[in-house]
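Two complexes are shown next, each including subunit A; its partner changes from subunit B in the first to subunit C in the second.
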Partner chain A sequence: MREKEINKLKDYKYGFTTDIENIKAPKGLNKEVIKFISEAKNEPKWMLEWRMKAYERLKNLKEPNWQKPKYPKINYQNIYYYSAPKGTSNKPKSIDELDPKILETYKKLGIPLQEQQRLNGIAVDAVFDSVSVATTFKDKLNEVGVIFCPISEAIQKHPDLVKKYLGTVIPITDHYFATLNSAVFTDGSFVYIPKGVRCPMELSTYFRINASQTGQFERTLIIADEGSYVSYLEGCTAPMRDENQLHAANVELIALDDAEIKYSTVQNWYPGDEDGKGGIYNFVTKRGLCKGKNSKISWTQVETGSAITWKYPSCILRGDNSVGEFYSIAITNNHQKADTGTKMTHIGKNTKSKIISKGISAGYADNTYRGLVDINKNANNSRNYTQCDSLLIGNKCGAHTVPYIRNKNSLTNVEHEATTSKISDEQLFYCNQRGLNQEEAVSLIVNGFCKEVLQQLPMEFAVEAQKLVSISLEGSVG
Partner chain B sequence: MLEINNLSAKVDKKTILNGLSLKIKPGEVHAIMGPNGSGKSTLANVLSGKKGYEISGKVNYDDKDLFELAIEERAHRGLFLAFQYPLEIPGVNTSNFLKTSLNAIRKSNGKKQLDALEFLKIVKQKASELKIDEKILHRQLNVGFSGGEKKKNEILQMSLIEPKMAILDETDSGLDIDALKIVAKGVNALRNKKRSFLIITHYQRLLDYIKPDFVHVLMKGKIAKSGCMELAEELEKAGYEKI
Partner chain C sequence: MIEELNKNFEIFRKTYIPKLEDEKKRIEAFKDFEKSGFPNKKLEDWKFSDFSSIISNKIENIKVSLERNKNFKFENFIKDFDHIKIFFFNGFFVEKGEKFDEKKGFNYVTPYNGFKRNFSKEGGFLILPNSNNALESLNNAFFTDGLSIATKKNFEFKKPIVIYNIFEGSKKNNFFNNKIHFVISENSKLDIMIYNINIGEEPIFFNLKNTFYLKKNSIFKLYNLSDFKKNDVHYNFGRYFLEENSIFENFNNCYSGGFSKSDLVCSLNKEYSSCFINGVMLSQDQNHHEIKTLINHNEKNTKSYQKIKSVLNHSSKGVFQGKIKVSPEAQKTDGYQLSKALLLDKNSEFDSKPELEIYADDVKCSHGSTSGNLDEEAIFYLMSRGLDKYEAKKLLIKGFLTDAIETITNNEIKKYFLNKLENNINEHR
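Presenting the complex of A and B:
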């Protein structure tokens, strides 16, 4: 390995590739490929029909283009929509039967899947390119009635639940990328928490893109039935490549009466090299529906990777007294770009939402917060509080805040606060004088800036996320 | 401990320090007085390594060429600057900052890192000795602190770090008499045969509580006069014009 590559690997330690034989659908987007995916997953007919409906719809849609980061035209016929390691597509999954190379991959990523080495108190669904390769602690969760499995398995085993909820929060007609996902989605997680159950452990999905020229189209569906609670976390990494790869996910959350869903993301897709070559296009649709009264959905995201991050995890607050929260840290360094934020749609009475966004920009990067607080005419006594803070490191990066507020009800209270600051040379000098080197100083200041959001993460991940925040900014101060 | 030879410093081609020489031996307390713009703060900044100065001359610190050491290396080797205007760092808990700082310095000296409990015990004891309200430990670093609280926090940090050579840059400015006593107490408690101090001040007032071994008058970027405590008293009466 050349020295430059070794250095690169040091910066992005998840950048390795697993050399494994894949089964792929033919390149390109057409009916045959969609049939191929549906067959590979042994799907019932209704699912294929659903996909085809989305595909027909897609023909009439155009990619949205109002976002700030622009990207070269994507050739959708030059992407593999399905790639699975040989032997993982349709046989019953037992971790012992898995290719040792895959086990080794997850071990290297810090997510051991084998029984003895599993993370304590955290159930993991591991998605490798287009398939879920393993799900841990399934039996233990079954004891309390919690369903946690790949969505492809749920389509076969729990069709009633899937039919009832899939596409109810993100309809197949939503927008280009969401519709594309509905046509070609491959794997992701399915979670159902029965009435009154507090899920006994953290659930998590680990997404890994491995194959080249392959898009990942994750689909996740989480349903929290009346009075239940679940905390779910997703993590993402990919190899270093000069090409841009597309990750277009759809995530739907549904919280019924008195239920609570806490959804956390630590996104560390390959960001591209320091000159902006390569990296993942992370174009994701995430939406939660607070369907029942007193329900709550809380999104927490730590976005440090990807060449372009374009996503707005949102809440539709339909149930009276429901609560939506969005806590975000978006870090962009070198040539990374992010356009991220949230939508809070207040429909029910006494609904509350809270938005805390921390954007950090270094190098030549560009970071935009874009958000919509939409208060409908019947949402009496609704409240929103928004706080958007931007931190700049160096003088070649950018930060933008684009808040939209649409209020059709005068009996409401909407607050918006925003700040932009820069890490000053004086602050760094002060820290240096107290014995901290440049990187320790930046890490301390940035972690302080992000604290309100980091505190929202499940404890097991907060420490990792803190480290990730520091690593993402290494070398950002000269 | 510290030997400054013919030190000059320029900012944007403007000469601020102009051939300053000064020798501080272990255990000595030196006070530097001088009118506004005479170069007092620049001296503190240049010694601690702040960027933006064009420097000539030589400074030896603890048998090393000071200018070969990075800012944090100077700190690791026991050089401490109490800032005239301590910086605010939002979101960073004061206690956490103090612990991170102390552990960085301990680590560079091959000492064991203190865990949260060990640190808390030490910092609480130091705060109580200095009659500093522990509450500042839980607040964001210097954010919303009064002038007095900021300066007390600097003295608390000095007491924790126990530097070899402490420079106090106008720490007494803007302090009421009670806060002034706390500053003096912090310095006096640390005074010993090995530790040196350079105290930069406008007023004789602080020197009533910290008796210096030497007093220097800084004018136009160099030492215009040196003497003992009497010099400070003289200045207080007659001003700098007579020098």
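Presenting the complex of A and C:
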């Protein structure tokens, strides 16, 4: 069994590296490196100043230490903050001009960029290490006025929008990793959906860490103007390495009156080997602001990868009648650790939030749900429903629930419930009896357990996620 | 305030005659406290109750004086049921209560007061553990008196014991530290009620540490009740250790006092032990009540059950922090936790943090937490049957809280608490 398990894990499908020439900034974190990044991106002066402000602030900040998963101290001077495939450092070019090796990489990842040009499907922004290498379907999106481009391009082409919204949801004075990101962020996606437009296709970003000893610091900014709708997907992979790599992204969503943003993530960074060596530290700040009336932000996440996942996609429900949703599956196996959850801050009247979290831990893993529901004084008639279920497979793993509930309004209704259980022998026996083997049975039961969340994903992703759920747990039973 | 306390501590040490065997422990404990100061909201355990600002708001200066009122008179004890009475006045044991008689089922009873026996051997009453809980350190540094009791084996107490903690503070004397330490021996059965009453006008700070050891097959019920004044501060730190097949039942009433926090740590150390921690809060007049529990399931086949019901009105604040921790050995654990709160006015607040920390896979653990207002339809239903709005609300609140009180298994005490609830609701506007 053990051997099988090891072989299976070696099959982390995305564990390959691509051999291409890179342009890197000098190692370490200092003013010069920030200037280097800013210059490489050809950024205007205000952007550099913004970064410097964050850097100054960073000096006075300490890494947070309240979280459950502990990790060895990160040497911030030993990381490359910028790494770009040669030839893309200036401007993302058209797909035909891309280094064929990069295209090959994306093909291996299951995202054939060229094919997607032709087929009607999803518009993809592909981020390779520190830069966005290709964005598909730009023209088609342009027709309806949707802006979907790398954020570095947006800084140059749409400075007004970027200036107006960047840092309004995650201010540069936020916690350590968010501030670090503000200082050194390299690329990411920028989306603007104009008034009344329903984005005609799913938008998607694929993140890939390739170079060794680099950190990926991407920044995504999505603005949905009045009455618009967008569904955005995000996927991530990284090569297998012995070292721990840092991924500290910031994602900001802003929904104006009557707008809706649906943000889905399938996170499958390299989780480390079966002894817990290597893997990505996924320390991500994601926050959405329901700024306008009747706006809605919905987060869906499937977290299967990373050595340590530490993220709390949050909603600030400022507009009256706004809605926040959070659907999450976090699967941890071997020595993976996940500390994830959400924050729902109810400020406006009649605001609603719903949290469904499913945690599954196997092997030696620890899985924590940590969430905050904060009902402010004026949030009359607001409503929250939280459900967190945990499933334990094996007796060496842990499942924890740490919800914080603050209710300052008497006209609200807050409900929270949580359960912890294991896959019962009866359930397994029933499946076995009907001809499924142990692993298929577990996969079936787990998929059923997660169904509520998987349903929320767009179809293409749901299939992938379902497979991921099964793969991540292979070898954990028996 | 801490500098003032330091001066106080020096005087206290000089004037307090019975010396501990290891007096250094007191000094160490005070140093521990000085280092950390009063807990503030930066500490996870005090996240929702910022003690250092609460205490400075409620009490101008906390002071300890060892003056003892010889003319102690107290007649206002519970008449509803027969019980064994034990009195403490301003933190000192008073020999007016029950005469302890070994026939009555006690192996030993040692009021700390006066060092009549060498009881440090008996159950470690005087061993002051180093603590990272600042208020426990403070208790270690300043404790004046307490009670250490071990029951006889195989003895079933017919009457409950009521420990009356009576206070009449003054500006010079408003800080009281006691310790209660019980060993419930094998196969014995005992019910205790701790009743804290402030009969004076000055606000006081009462810091109580209680420790109970439940031996094999014992059944122990502990009930807490306080009659405190608007600015009184009460911290109750309880530690309970359960052995095989023992049952622990605890009920907390939070009706009065400016601030009260019950910090309960219950360790289910042997198989088939179970604990039931329940409570009600009916807070008004800017009261601030907190119940914090930590249940350690350390062995298999253990069970815990918690039900906390809270009603908050008139700018009051309620907090429930509950944690069920299941260690890898504790398979077949059954853990249940429920907190429900009603917020009746705009300025009240209810915070909760129901936590599960689970390291074993074959367990059944669940928790639920809700907060909201009274059901408008239920009010309408009652009004359509002739009750006025006030009566309807009262009835619903009563029903809501009675649900928790019904879990009490001592019928006499349940009845007494139901009456108390009734009175408190009637006062509740």
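Throughout what follows, the second predicted complex is superposed on the first by the 460 of 478 C-alpha atoms of A that agree within 3 Å, B and C clash if a C-alpha of one lies under 4 Å from a C-alpha of the other, contacts with A are read in each partner's own complex, and residues count from 1 in each chain.
By definition in this document, a contact is a pair of C-beta atoms (placed from the backbone, for glycine too) under 8 Å apart; a residue touches a chain by one contact, two chains touch by 3 or more.
The structure presented is a predicted model; accordingly, all values stated were derived computationally and were not measured.
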Partner with the higher number of touched subunit A residues, subunit C or subunit B: C
Partner chain in contact with A:144 - subunit B first, subunit C second, else both or neither: neither
Which superposed partner A:440 touches (first subunit B, second subunit C, both, neither): first
Which of subunit B and subunit C A:405 touches, first, second, both or neither: second
First (subunit B), second (subunit C), both or neither touched by A:463: neither
Touching partner for A:429 - first (subunit B), second (subunit C), both, neither: first
Common interface residues of subunit A - those touching subunit B in one complex and subunit C in the other: 421
List of subunit A residues in touch with subunit C within their complex: 66, 377, 390, 392-422
In the complex, subunit C residues that touch subunit A: 44, 47-48, 328, 331, 341, 343-373
Subunit A residues within the subunit B interface of the complex: 421, 424-427, 429-437, 440, 444-445, 447-452
Residues of subunit B that touch subunit A when the two form their complex: 48-51, 70-72, 74-76, 80-81, 83, 86-87, 89-93, 97, 100-102, 104-105, 108, 140-141, 157, 161
